[in-house]
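This structure is in structure tokens; I'll ask about it shortly.
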Amino acid sequence: MIDYTYTILIPLIPLLMFIFLGLTGHKFKAPTQGILGTLGLLASTLLSYYTAYQYFFNSIKVDGAYQKIIGFHTLWLQFTDTLYIDLGVMLDPISVMMLIVITTVSLMVHLYSIGYMKGDKGFSHFFAFLSLFSFSMLGLVIATNIFQMYIFWELVGVSSYLLIGFYYEKQSAVAAAKKAFIVTRFADLGFLIGILILSFNTGTFDFQLLTNPHGAAILKGGSIAFMGLSTMTWAMILIFMGGAGKSAMFPLHIWLPDAMEGPTPVSALIHAATMVVAGVYLVARLFPVFAISAPSGLEVVAWVGGFTSLFAAVIACTQIDIKRVLAFSTMSQIGYMMLALGVSGYGGEHGLGYMASMFHLFTHAFFKALLFLGAGAIIHAVHSNNMTDMGGLRKHLPITHITFLVACLAIAGIPPFSGFFSKDEILVAAFESNKALFLIEYLVAGLTAFYMFRLYYNIFWGKQTVYHATPHEAPATMTLPLIFLAIASATTGFIPFSKFVTSDGLPFETVTEWGIAIPSVLIALVGIAIATVLYYKPTEIPSKMAHALGGFYKSAYHKFYFDELYQFVTHKIIFRYISTPIAWFDRHIIDATMNGIANVTNRVSNAIKGFQSGQLQKYAYVFVSGVVVLAIIFIYLLKY
Amino acid sequence: MYQEIPLQYFLIISTLMFFIGIYGFLTRRNLITMLMSTELILNSVNINFVAFNRYLYPDQFQGHFFSIFIIAIAAAEASLAIAIIINIYRRINNINVEEVDEMKY
Amino acid sequence: MVLTGNQFMFFLFAAIIVLFSILTVTSRRILRAATYLLFVLISTSGLYFMLNYQFLAAIQLTLYAGGIVVLIIFSILLTSHINQKFEPVDWKKKVSAAIAVIAGAIVCLTAILQFSFHANQAIAKEINMDVIGNSLLNYGENGYALPFEVISVLLLAVMIGAIVIAKKKKE
């Protein structure tokens, strides 16, 4: 038996670094805080790799399946034998995989930020917040029970708020941070209700008990029906609502484009690789419950994922801000992951979708982080976010150019880069279960290739812009992460993922289905070709096409007016008809009661303060009258 | 004599004098007139003691002596009260009892 | 009806006492109030004479009428204008004080008058200076040495106190 107690250090080191940097960071000169933060993350990364090595290669397997191992736990609150909340570390194929992803990407972002945030006056607390975020996310993935996951879920939300609103003097950044926090918090309402229903029906919070396919918990609550769906289905749909909020699924997606107001390393870490996949991770973690007790919930997951990926891809084709394009691209790719989970079965070969989703999560983290960090380097060089200000940068930023190209090829799904393998598995899983969803995903694959290469050509080829200051390549601290992530994007496709991460722990063999793979590569090449024709050299075709599509193009550019719709609903309807009367009630009735009590007390006190008037004769009068009254009482009424 | 004038007459006199003194204490504004009302009260008590002594306990002297002591104390108290009144007069230049109200809320 | 001499004297004194005490408390000129008080005290002393307490009556005249009233008149001269007329008192104060006082008087009188006191027929002990002097310094039976000493200490304290309070502060 291997002792995994050291795994508690993996989240704890960033936490300690957060406390240390938060309290004393300003005393050091930059870039010491950055180096300290990076060293902390490096320690966590090495520990995660070691844990992964131990877990995947040396741990004991039962019937050939990977087991859930509790590395460390302490009991916090106990309600009954099965209903308890504890804090601990659970090692499981997906949690170990996530440990690797989070620590690696976070380490790259830390290293990158030393160069990117140089000179910023918030340098030290940026690293503190990054460490806090790393701690929260790590705690989330190793959670042993659903309540611990919820606690870290909220912590992740808080860290995200702090990091998006990092440039707190900018009005738009503050508004974006608030929006992100409020939307995810609203989604967490559903999550909490789902947790309560789930734990009430099954009697436990613990993941091992909940997700045991042969256990008692998973079968409870399947029969009671409420509005046509069983309670378990409702619970899982509500829990999915929480996941959808965090992962920016439609209709809770509105916060993700605005969250690009944060610094670019933040976008890379949080909104590409880690926080937004928390929803996918949640569904994966509870996958046995979904698959066995609430299959209709899985349908909801699949359709939401599918619709979001199409929706986001269409909008991404029209955006001009490069970070917004990447944000919508993230939304679309996460749609892929959700869809893959939704169409998956449970156990062995049926769990292909599950495996594909996790594989795509793994590869997507690397190439999306690479895309964002590359975008950061470009913004750093050009000092603008808009595609229209860029063009012909390939001569000025060679390393960024090559790594960005690698990432674009990976996301488009061109072999031998990693995106091809993971996306191919998803398409196979979708084809096997739901042809309609398969077609949607097939179309989205083409759109993905198209808008990514539109982005690429507009930045690095296109028109020859004359720049005010010659853009220079980023410093080494920024390019090293880019190179590392590019290597990862190129090579991780070859990892035999199905041997490690599957729905029930049993490894299985996957075979490349050429019947699906070749058409997917073809449509990606078609997308790239169209993009090349339109954008390789500056032409009139894009603007003519925009005019031709007219209203549709305009509404796609404005993200289909969902922000305005939500704004309308909240301001005109909720605020006016619900909040205002309640505020009136609070101010005029509750406050008035309190004030009234104070006023009455005041007046009574004013009235009786005459008793201490200092007037001697009044005192004597009260004295004499009192004696007379007492005499009457005692002599005539009580008859002493 | 003691059959012609029953004890109750003395008691009535002393009660009336007592309550008239109290009325004066509550109503008068000048500190010296309040002092005079206090003397009335003390005198009424004296009459009471002496009357009881003579009528009910003619062979004992307690009432008589107590009255002597009350007179002595009343004299002492009056002199001290005059001293205080003079001091107040020096401070606020009048001796209206309503002006002396500093120990209030 | 026929009044005996004692009864007549008693009613005279009683009338003077009640009438002049009412005038004392309601008079609007201060010197007149002092004078009325003097008359009350003299009548009281007359009552003591009637009750055969000559020493006490003498003390009453000397101390009260001769000492305290004179002291009061001195202080009147020191502290206010003699001819100043008092303003009438607020009628609310008068009414409320009158009600309290009348109620108190009624309670007291009804309490007292329900008992029928009979004069004790025992032989009265004669009080003369001999007896008084002996009793005042006697520390045994029927002795009042202790109150005597206490009174002397009290008088000392009052003397010192009066001097200290009424003294003019040095500038």
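Letters are used for the chains, namely A, B and C, taken in the order the chains are written, and counting of residues starts over at 1 for each.
The rule is short, and it goes like this: a contact is a pair of C-beta atoms (placed from the backbone, for glycine too) under 8 Å apart; a residue touches a chain by one contact, two chains touch by 3 or more.
As the structure is a prediction and not an experimental result, all values here were calculated from the model.
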Once you count every C-beta pair in contact for both, which comes out on top, A-C or B-C? B-C
From chain B, which chain is the farthest off, judged by mean CA positions? A
Quick check: how many Å separate the C-alpha centres of chain A and chain B? 92
Whole-Å gap separating chain A and chain C, where each centre is the average of the chain's CA atoms: 98
Indicate the whole-number Å distance between the mean C-alpha point of chain B and the mean C-alpha point of chain C. 6
List, in ascending order, every residue of chain B touching at least 2 other chains. 22, 26-27
Touching two or more other chains - residue numbers and ranges from chain C: 93, 97, 100-101, 104, 108
Return the residues of chain A touching two or more other chains; collapse runs of consecutive numbers into ranges. 617, 621, 624
Give the list of chain A residues in touch with chain C in this complex. 617, 621, 624-625, 627-628, 631-632, 635
The chain C residues in contact with chain B across the complex are 4, 6-7, 10, 14, 17-18, 21-22, 24-26, 30, 33-34, 37, 40-41, 44, 47-48, 50-53, 56, 59-60, 63-64, 67-68, 71-72, 74-76, 78-80, 86-87, 89, 93-94, 97-98, 100-102, 104-105, 108-109, 112-113, 117, 119-120, 122-125, 127, 131, 135-136, 142, 144, 147, 151, 154-155, 158, 161-163, 165-166, 168
Counting only contacts in the complex, chain A reaches chain B at residues 609, 612-617, 620-621, 624
Per the touch rule, the chain B residues reaching chain A in their complex are 22, 25-27, 34, 97-98, 100-105
Any idea which chain B residues touch chain C in the complex? 1-13, 15-24, 26-30, 32-33, 35-37, 39-40, 43, 46-47, 50-51, 54-61, 64-65, 67-69, 71-80, 82-87, 89-90, 94-95
